[in-house]
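What follows is a single structure, written as structure tokens, with notes after it.
Chain IDs A, B and C follow the sequence of writing; residue 1 opens each chain.
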Amino acid sequence: MAAPMRGMSVLRQAFQGLVRPSGGQVCRQVQHRCYSTPGHVQVDMNSETGVATVRLNRPPVNSLNLDVLTELSIALEKLETDKSCKAMVLASAAPGIFSAGLDILEMYQSTPERCVAFWRALQDAWLNLYGSRLVTMAAIEGHSPAGGCLLAMSCDYRVMAEGKFQIGLNETKLGIVAPFWFTDVMLNTIGHRETEKALQLGALYSAQQALSIGLVDKVVPLAEVMPTVEGELKNWLQIPAAARVITKTSMRKAVLDRLRSQKEKDAQFFADFINRDSVQKSLGMYIASLQKKKN
Amino acid sequence: MAAPMRGMSVLRQAFQGLVRPSGGQVCRQVQHRCYSTPGHVQVDMNSETGVATVRLNRPPVNSLNLDVLTELSIALEKLETDKSCKAMVLASAAPGIFSAGLDILEMYQSTPERCVAFWRALQDAWLNLYGSRLVTMAAIEGHSPAGGCLLAMSCDYRVMAEGKFQIGLNETKLGIVAPFWFTDVMLNTIGHRETEKALQLGALYSAQQALSIGLVDKVVPLAEVMPTVEGELKNWLQIPAAARVITKTSMRKAVLDRLRSQKEKDAQFFADFINRDSVQKSLGMYIASLQKKKN
Amino acid sequence: MAAPMRGMSVLRQAFQGLVRPSGGQVCRQVQHRCYSTPGHVQVDMNSETGVATVRLNRPPVNSLNLDVLTELSIALEKLETDKSCKAMVLASAAPGIFSAGLDILEMYQSTPERCVAFWRALQDAWLNLYGSRLVTMAAIEGHSPAGGCLLAMSCDYRVMAEGKFQIGLNETKLGIVAPFWFTDVMLNTIGHRETEKALQLGALYSAQQALSIGLVDKVVPLAEVMPTVEGELKNWLQIPAAARVITKTSMRKAVLDRLRSQKEKDAQFFADFINRDSVQKSLGMYIASLQKKKN
């Protein structure tokens, strides 16, 4: 597999996270009701405002494995049916990273059954997020490549920290291809031309670049990300919810339905593709090269 | 129904116009052939240039009721078959307003039959405008919310007065939802991402904001709107008409056909939705709140 | 046919090129393998970098007749199957022009059989270019109207020389209509609103204007076009080719398939349209007017 150039350090970090996962999630805002699952997704519900903050919490880089995705799906389902919940802020409990995307270790030397289970968990988490009735906002306080970018794009609004952080669907740089529904979400966000360029190049954008092509909606200093999200939420929560939800659903229906109608086929395709000898070999070499650099 | 925040004063004005309509339309440019209908749509045909100016004329805010829409449809049909007519400028005879959009009184305590007739008139006016063979230009010399924004977006080109005026599809702010063909026209104008944000928020934009997202094509001082439209028309009228019309039609066909193929279903859906008890109650409270503020 | 206003001088040049073709193509970079066809398409393959430079070479304005298009198709097919070739730069050997577009003489007093053959050659050249597995870049060092703009838009990336040169699909100015697949490519490049305006007006843009609407990706001084293309190529060639090709193909498939599924119908439509008495008369008058101005 050809060496991907930019975004490498992020992915190296991501990988390091995968092989040396640290536990430790803390529910930081103790004054609020907190019903995080035991693992890697921390949910903090402000019953006064109806705003839930969902923090990915799998240090160091929030890589998305089967457990994280399953917990995220469950957390989103709970919020969806919680009548007191009006909005959801997706954020990270790990400094400097929103999410490094899918956990490569789920793809390497894994059984086809595990691959399919992993992919279904990703599909479900995404269907829950992109199709949510809630106002959804991404507070991007760190790097957000690949699957991290997908989660951010699937919210209604994105605020990103200025500085060194990058965001984008960089799959081609690793020799893999973004699934069609990743592409669909990006098309709905930045249009056809920018998507074609972004995906062919596996481009990772600075916050300013992301703002200029519409990949994020606002760029502010790191410390201002959360206050900015909260300020923006006020505008969105003024809108009568029923009308807003019908509007949102009707605009996202085509893209949601496209995956819904072929979930199993899409999961099977992923499992088959990943388990090809050539792909396994590439992934193995990639992981080995990262471990070597780490040591 | 939650209280809509911005754009309220425009809509209040709109409502006041509805309950206290004033008559008085004048054909201002007497040197030209003038075949306005007796009521609320004033048509002024310049036989030298082949440009018809169509002014909405239902003071104070040009709210669109069954009569206005029927007259607009008929006026557009006449111009469409008038071989001397090459272009049409859509404007307003009422100061400070392009059009406040659909007349809420057509939706409150109305019979299902009236609702269907009203909606058909809106469909026909829009099909005539969006599918017109003429060069169509919107001279937006005032506020242009909701249905006013739809009419403007359905023209080939939009010039808006700078200053305090606002434009946008603000339906969700009132707790209602823009029909799918409003959405389709906006998608063709500002793309998917901006449309999703605009419709979820019911956003009303200043002229400068509208320019920056492509919702209007030019912003000039109020007194320059008409001269700018006339100057721009010269460019459009230099193009061989047959080629221009084929081009325009082919690009708008999908959106036009989508409504054409389900006109009755769409009208019936509107009538059913509006006559729900909950919607009638909301509209009643809304109208009462406006009357209270007015007194 | 109404007189087209802007872009006239370019097209006049184009026509002059057609009636007074000059021969003389030189393979300018002799240090490289050079397998240009005997005629009007010059291919220069750099075996070190894997980059082929394909230069249109039908002075003075590279108008695209049956021969040029056939040679271009063959050249593209050869590169497509040449495993050492990774990228292709489309450029011009004629100063001041990228390509003036389709050769009008192929449309005037031609037999229906010739018209169909001409159109098939255009379809094939475009299918080969837009669907190419190679990284494709347009080095636009001169005017690029109509078919010239189509070729440029069909590449993956466009660098244009700043200055007086213009680019756009100006068909309506000549009283003709861009085929649906020209429109599809433009929609994928600059979006719906800009395409509708561009095609209705037959607009020709300066390099700066083209940059601002996304019709080209970079604008540099004339002498910097080729070095800029080469620099940009380095980014694209770092991407693992298999993943890039799958990504590109999946994003262009819908538009490619739309033509593939109706090639014969599209060619027959063109031949029928062009051979109408009214169109032939218009083309005859147009050619006569150009010859008159030339003398």
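FYI, a residue touches a chain if its C-beta (ideal position, glycine included) is under 8 Å from a C-beta of that chain, and two chains touch if they have at least 3 such contacts.
Predicted model, so just to flag it, every value in this text is computed and none were measured.
Trainee: To the nearest 5 degrees, please report the angle of the rotation taking subunit A's Cα atoms onto subunit B.
Mentor: 120
Trainee: How would the subunit A/subunit C interface be labelled, same or different, where same requires over half of its residue numbers to be shared?
Mentor: different
Trainee: Quick one: subunit A and subunit C, Cα centre-to-centre, how many Å?
Mentor: About 40 Å separates the centre of subunit A from that of subunit C.
Trainee: Counting only residues that touch at least 2 other chains, which ones in subunit B make the list?
Mentor: As it turns out, subunit B has residues touching two or more other chains at 191.
Trainee: Could you pull out which subunit A residues touch subunit B in their complex?
Mentor: Residues of subunit A touching subunit B: 156-157, 187-191, 214, 217, 235-236, 238-244, 246-248, 250-252.
Trainee: Would you tell me which residues of subunit B are touching subunit A in their complex?
Mentor: 1-5, 171-178, 180, 183, 191-193, 195-197, 199-202
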